[in-house]
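Each of the next two complexes has chain A plus one other chain: chain B in the first, chain C in the second.
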Partner chain A sequence: MFVLDDLFVNPFLSLVDILQTMALDELYDTSEIRDQIKENQLLYEIGDRPADEYERRKQELEAQLRTAEQIRDQMRDRMEIKN
Partner chain B sequence: MTPAQSQARAQLSDGRYVYCVVDTTSVPSASVGETTGIDDETVRVVSVDGVGAVVHDCTSVYDADDIDQVKRWLVTHQQVVDDVSDVFGTPLPMRFDTVFAGGDSALTDWLADTHPRLRTELDGFAGCWEYRVTLLWDPQPFEAHVTATDDTLQALEARQAEADAGTTFLLEKQYDARLAERRRARRSALASDLSAAVEPVATQVASQDTTTSLRDESVSERHTPIARLAVLAPETDESALGSQLDDIAARDGVTIRFTGPWPPYTFAPDICTDEPNQA
Partner chain C sequence: MSESHLYTYGIIDDNESLALNVDGVAGATRAYTVSYRSLSAVVSDIETTDPERTDAAVEAHNTVLQAVLEHDATRAVVPMSFGMAFKNARTLKGVLRGARRALRSTLTEIAGTVELGVKVLAPGDDTAVDTAAVRSDVTARLSALSVGETENDCFTDRLIINKSYLVEHDTRDAFDAAIDEIDAAHDDLTVRYTGPWPPYNFVDIHIGAEQAQQGGR
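Coming up: the complex of A and B.
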């Protein structure tokens, strides 16, 4: 819950810190979200997940993926790691 | 929460969510383009004498327990700021969830009342952007080098080989203290060198707390942030700033994270509360 905590509880924390950290997280989370989408699909197909739960989870994960990809697009030309 | 937000929570029939303030002197305020705002709202510019607030109409403030929803809002907020920056140049950023009650008339009153201040700030930041620099350090290569070359450490190690158990314990404490002293000195030197490297191309530099609560999964656990700088610099000096960082990044154990350009979040005042922003 870092976004809520930092943005609303600590209102002086700047937006760029949060976006930057979200980008760092999401860059590494994208494949995990894709895996969860596959898992949800498989659970539904073998009958371990009811249709309504499958649909709800599918929408949730797809929204997460869109956000992650949007963040990645925003940061693509903005972040450089030098070492 | 800003005074404007407090008022908005109480009565918000004709709200204006404000993304940022831009200079509309040389670009018509209608040129905001195709960008869409939070929740696909239509973005427009309300302008008074060359100073424009980038807004969408709203009937509530943006507050949610759903973290993914908040993430989407934040990303869209930044996307709008990016899009209008491409058109109008460096904006004065506003805090996320800055909402004015009272429709366009309240907003134009505010723009008129604060116009001299907004104009001064816009002119002051024109062409400049914020860059973030974080120096992360893995001390292992340095420790390997210093244990092999530091005379004091080598002498302490040699004495340990011939000492009894009690003396060895004390020598180990001295060894650890000496190593920690060298480590601290190295951290301090790297932080100073980083500041010196960015100074020639920076208009302003703000040192930031390295103990952020925000997670960082991009580097190994051995890497610790030892310096975080917000750097305000002309856009034309972005490459020069990056080059300045290359020398620091080439040192053993050092990783530099360089991001930007960003609106001057750290350096622009919080216009609604009239306080400087803090990062």
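Coming up: the complex of A and C.
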């Protein structure tokens, strides 16, 4: 159990910290964003997504990825985030 | 003037030296070979041993490997992962010497083959698809014509199959025909067929990362 394990491993972490980390981890899940980038590319390549929508979505997802990576890096400095 | 280092794309048999005018990583316009005994590394000049990994740089890495394949479609290429830059030819040859046995063995294993990618996608609407039947049919047709296959990540719900196949040159036409048959048999689905690629998914050699970073030792 993630929360209990973490509390046993590090009793100095508060439950609020752990829950916050879990929430941020899910919110800034870079693998999910990377999958969406690959999906966007694939749908464009097979002609299911027009060029303008592909470009708009690509820029949106790349910005999300940069933000997520920055926040994850900052969070790592505070406490370990499970990958 | 900055010192020039060597960015490495892949390793080939040293049957002939190779020089290609092709756009490579970090603005390179020419790829050539650096040889050690029976191995040659396909390289281009670069000003850093720590190239930035951008989409364009990764694409340039692939473009050079594609150019090597196009130059001689029967050539075996052991692709390097992105970012392998060495301080100089001496360092690179040292790495080739250290990994010679693994590289020779891999070149022998992949000789006469190419990697081909096959993706099968469900329709974008709510049309029901018997995914198990599709997987079974496609796998049965293609496995028989390949000497290796790997399952890749299904990164979208629409992907029913995402596989890479290692196919011998002699079987390539039959594999192409099987793809056409699959496309015709499942006209409600989208078949995405790509390649030939260097055998990225069938080579697992990790060489020289530390030496590349440290350089010149």
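Please note the rule applied: the second predicted complex is superposed on the first by the 52 of 83 C-alpha atoms of A that agree within 3 Å, B and C clash if a C-alpha of one lies under 4 Å from a C-alpha of the other, contacts with A are read in each partner's own complex, and residues count from 1 in each chain.
One rule holds in what follows: a residue touches a chain if its C-beta (ideal position, glycine included) is under 8 Å from a C-beta of that chain, and two chains touch if they have at least 3 such contacts.
Because the structure is a prediction, the values reported are computed rather than measured.
Peer 1: In the overlaid three-chain picture, which partner chain does A:Gln74 touch, first (chain B) or second (chain C), both, or neither?
Peer 2: first
Peer 1: After lining up the shared chain so the two structures overlap, which partner does A:Leu15 touch, if you call chain B first and chain C second: first, second, both or neither?
Peer 2: A:Leu15: touches chain B, not chain C.
Peer 1: Which partner does A:Leu65 reach: the first (chain B), the second (chain C), both, or neither?
Peer 2: neither
Peer 1: Have a look and say if chain B or chain C is in touch with more residues of chain A.
Peer 2: B
Peer 1: Between chain B and chain C, which residues of chain A are contacted by each of them?
Peer 2: Of chain A, no residue contacts chain B in one complex and chain C in the other.
Peer 1: For chain A, which residues are in contact with chain B within the complex?
Peer 2: 1-8, 10-22, 24-25, 27-28, 60, 63-64, 67, 70-71, 74-75, 78-83
Peer 1: Quick check on the complex: what are the chain A residues that touch chain C?
Peer 2: Those residues of chain A that touch chain C are 34-35, 38-39, 42-43, 45-46, 48.
Peer 1: In the complex formed with chain A, which residues of chain C make contact?
Peer 2: Listed in rising order, the residues of chain C that touch chain A are 119, 121, 124, 153, 155-156, 158-159, 190, 192.
Peer 1: Across the complex, what residues on chain B touch chain A?
Peer 2: It comes out as residues 1, 63, 65, 67-68, 70-72, 74-75, 77-79, 82, 93, 95-96, 130, 132, 212-218, 242, 245-246, 249, 254-262, 265-266, 277-279.
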